[in-house]
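In this document, chain identifiers A, B, C and D correspond to the written order of the chains, with residue numbering beginning at 1 in each.
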């Protein structure tokens, strides 16, 4: 999982965010996004009780009671607020987060997400994943195109446990951007020089596309 | 009428088989002193409700070496290898609950609400055995309230009445847990006179707090360390 | 409804309250209680969002955004806190109020309360009455012994609409103190010089008593 | 990007038939300016969810003379004779809801919760037609979430982002209503720069607030009066 690819994905996700959006960033690639927002000001929400999460503090300003959901020390942006876990999930589950950017283990052709458990392995952590899937207004999945074992993340049908009935709106990988509708996945942008056939080969689900977006 | 007690009195307030609600997210807002004390008490068959079981050998993680735990209810245990091991060996039951559902179930426990319908986890393995119901064409599942026999929470400051304020994200589950325990014990860094906390500033009103215990740790460089002698 | 009788009831209720109790006082007679607490410090909770409600302010310190549930201007005691309506009813419905002192239209011999609606009249107000009946740890009813029309408030069976499944623990009138158990009402104290027979005559339900408490 | 609008823009934000959540308890925490404006708009078939319909000719009470109301949902209407009259004449539907249930139903509307089980009102006339369920031997009733098309709320101060703080018990239903409206308009006495409200002080984070309108009244002697010219 090259840093270069991860940064490419983070940059492309950043383009999807608008000034003033309230955004919850999952662990992994999503945490890279704040570095690529340029002049855009988004409001970062953290499920442990922050709206307006700022960057990592200097070592001398660390307070381990001011941390992100990834448990790293953070700061507060001007205009930030603090609340408890129940109020934080009012915000998340009540549809007040404009965009959740999540990683996935798998995602199906309609945008259904599997991002918390691997079959046959211990299933001992879920955190706020299912709450975000159920509650965010818009879900962007930021993920490498393939898992470490080479298997495609985008699949016809999930073989990993689902994270719920909520659907992703978009999948951004190092190779492509897909949008999801009731009719399935649509390739809307290629981000690498793979040919259409090469892309299809490493993708586990059918997808539609307009001719204009395909590498020639 | 003072609510301040010594940590050693914890032994009389917790019984074998109790359900404990323990505040904290990661190691933030964690009642380290109360957990240290609990680890020495030789209690049995406790159920701990907490977002996570601390980390390996830290926070609630230390209880995994004491044999006092029967069950853990929370949202994230993967990051504490000891918890995973104890579960694998069959020594620890685990009930996995989405984080938002966990917070809301505890709030309901404190609010006299028996249960609520959420979309979170509907259609997933975590909904197995739970009642489903359609509202406006969408599937919701019924989640039940959680109450505790004893809540062990962590605040930054209390006044002598027991009103509490928290340090930033140290608030997390602590406030709802204060509402949902039959007996509520708050560990605090400082106790101030009544009136020093403004009516607007108080997060947890004193009615929810039974006892106060002074924190045995001090914060240096943003991290709690054992108080020097 | 003489002021003297109302004060007598308020004083007797005050005796039931203990230092440190969190108390919600309904409208009517209960609002007189704070004047008769002596050295006892109780914490007054108001359902519009106060714990630690203090006395009426001087005219110059009135703020109509600091009011009681009866909509009168109040002050805050030292150590008071402010919260919103949903949090206020977490406190009330979650069993965190030690004592609710309520008026009634009727109360049955087991302590079931009717305090919000008169049959045949417009039923357009309930306020927090049912929440308090459902949630308070202990309910003391403070009421004149008879309604204005002379009918007894304590009855065998409610003819007015019930306020819920919660039961009063005690009824205090200008004539008597009753306790309620599963076995019915027990007269525990006479507060006027009515004979037992006279008391029975103006009471609409049977009640038990120990000989020692009865006027001779 | 400013959230500040003129009161005259209210007309474009409210449609006939909308459900409005309107803050206030008695006349405390009431958006008088927004209500004044609404009274002039000639809207039809509105449902207003509010603890009470103000008082006679005050607060929401003035809407009773405009013919814009179809229905009121709240806990206490007895004290406004006009409301009682309109109801008697069949001009106004009323849905009576216990005050705690009202607050919780609105909170659920904002929290993505479809419904909850409460003991309040179980066994009473107000439970008629509602689903009952036993939990631990006690009867609870199912209460459904309330959402609004538009919330009209009142805060003391906002910052330019829309973070809100309230004046004492003026908070009442305003915060939960901010979470439960599709469009949320907050009337405020003052707008300060971002950063002037501390992270601890903010009661309603800006994410819940779409528009800010300046209060047309000023508080003198603790009561709002029309601003002098």
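Throughout what follows, a residue touches a chain if its C-beta (ideal position, glycine included) is under 8 Å from a C-beta of that chain, and two chains touch if they have at least 3 such contacts.
Values in this document were obtained by computation on a predicted structure and should not be read as measured data.
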| item | value |
| --- | --- |
| Farthest-lying chain, centroid of Cα atoms versus that of subunit C | A |
| Interchain centroid distance [CA atoms averaged], subunit B/subunit D, Å | 34 |
| Computed distance of Cα centres, subunit D from subunit C, in Å | 29 |
| Euclidean distance of C-alpha centroids - subunit A vs subunit D, Å | 35 |
| Touching two or more other chains - residues of subunit C | 76, 82-83, 89, 93, 134-135 |
| For subunit D, residues that touch 2 or more chains besides their own | 104, 107, 111-113, 118-120, 138, 168, 199-200 |
| Interchain contacts, given as pairs of chains that touch | A-B, A-D, B-C, B-D, C-D |
| Touching residues (chain side subunit B, partner subunit C) in the complex | 1, 107, 109-113, 159, 161, 163, 179-180, 194-195, 197, 199-200, 202, 205-208 |
| Sites on subunit C touched by subunit D in the complex | 46-50, 59-67, 71, 73, 76, 82-86, 88-89, 92-93, 117, 122-131, 133-135, 161-166 |
| Contact footprint of subunit D on subunit B as seen in their complex | 104, 108, 111-120, 133, 135-136, 138, 140, 144, 165, 168, 199-201 |
| List of subunit B residues in touch with subunit A within their complex | 25-29, 51, 75-79, 83-84, 87-88, 94, 96-104, 106-107, 118-126, 138-139, 156, 166-176, 203, 219, 221-224 |
| Subunit D-touching residues of subunit A, taken from the complex the two chains share | 19-20, 22, 43, 45, 51-52, 76, 78-83, 89-91, 93-97, 134-135 |
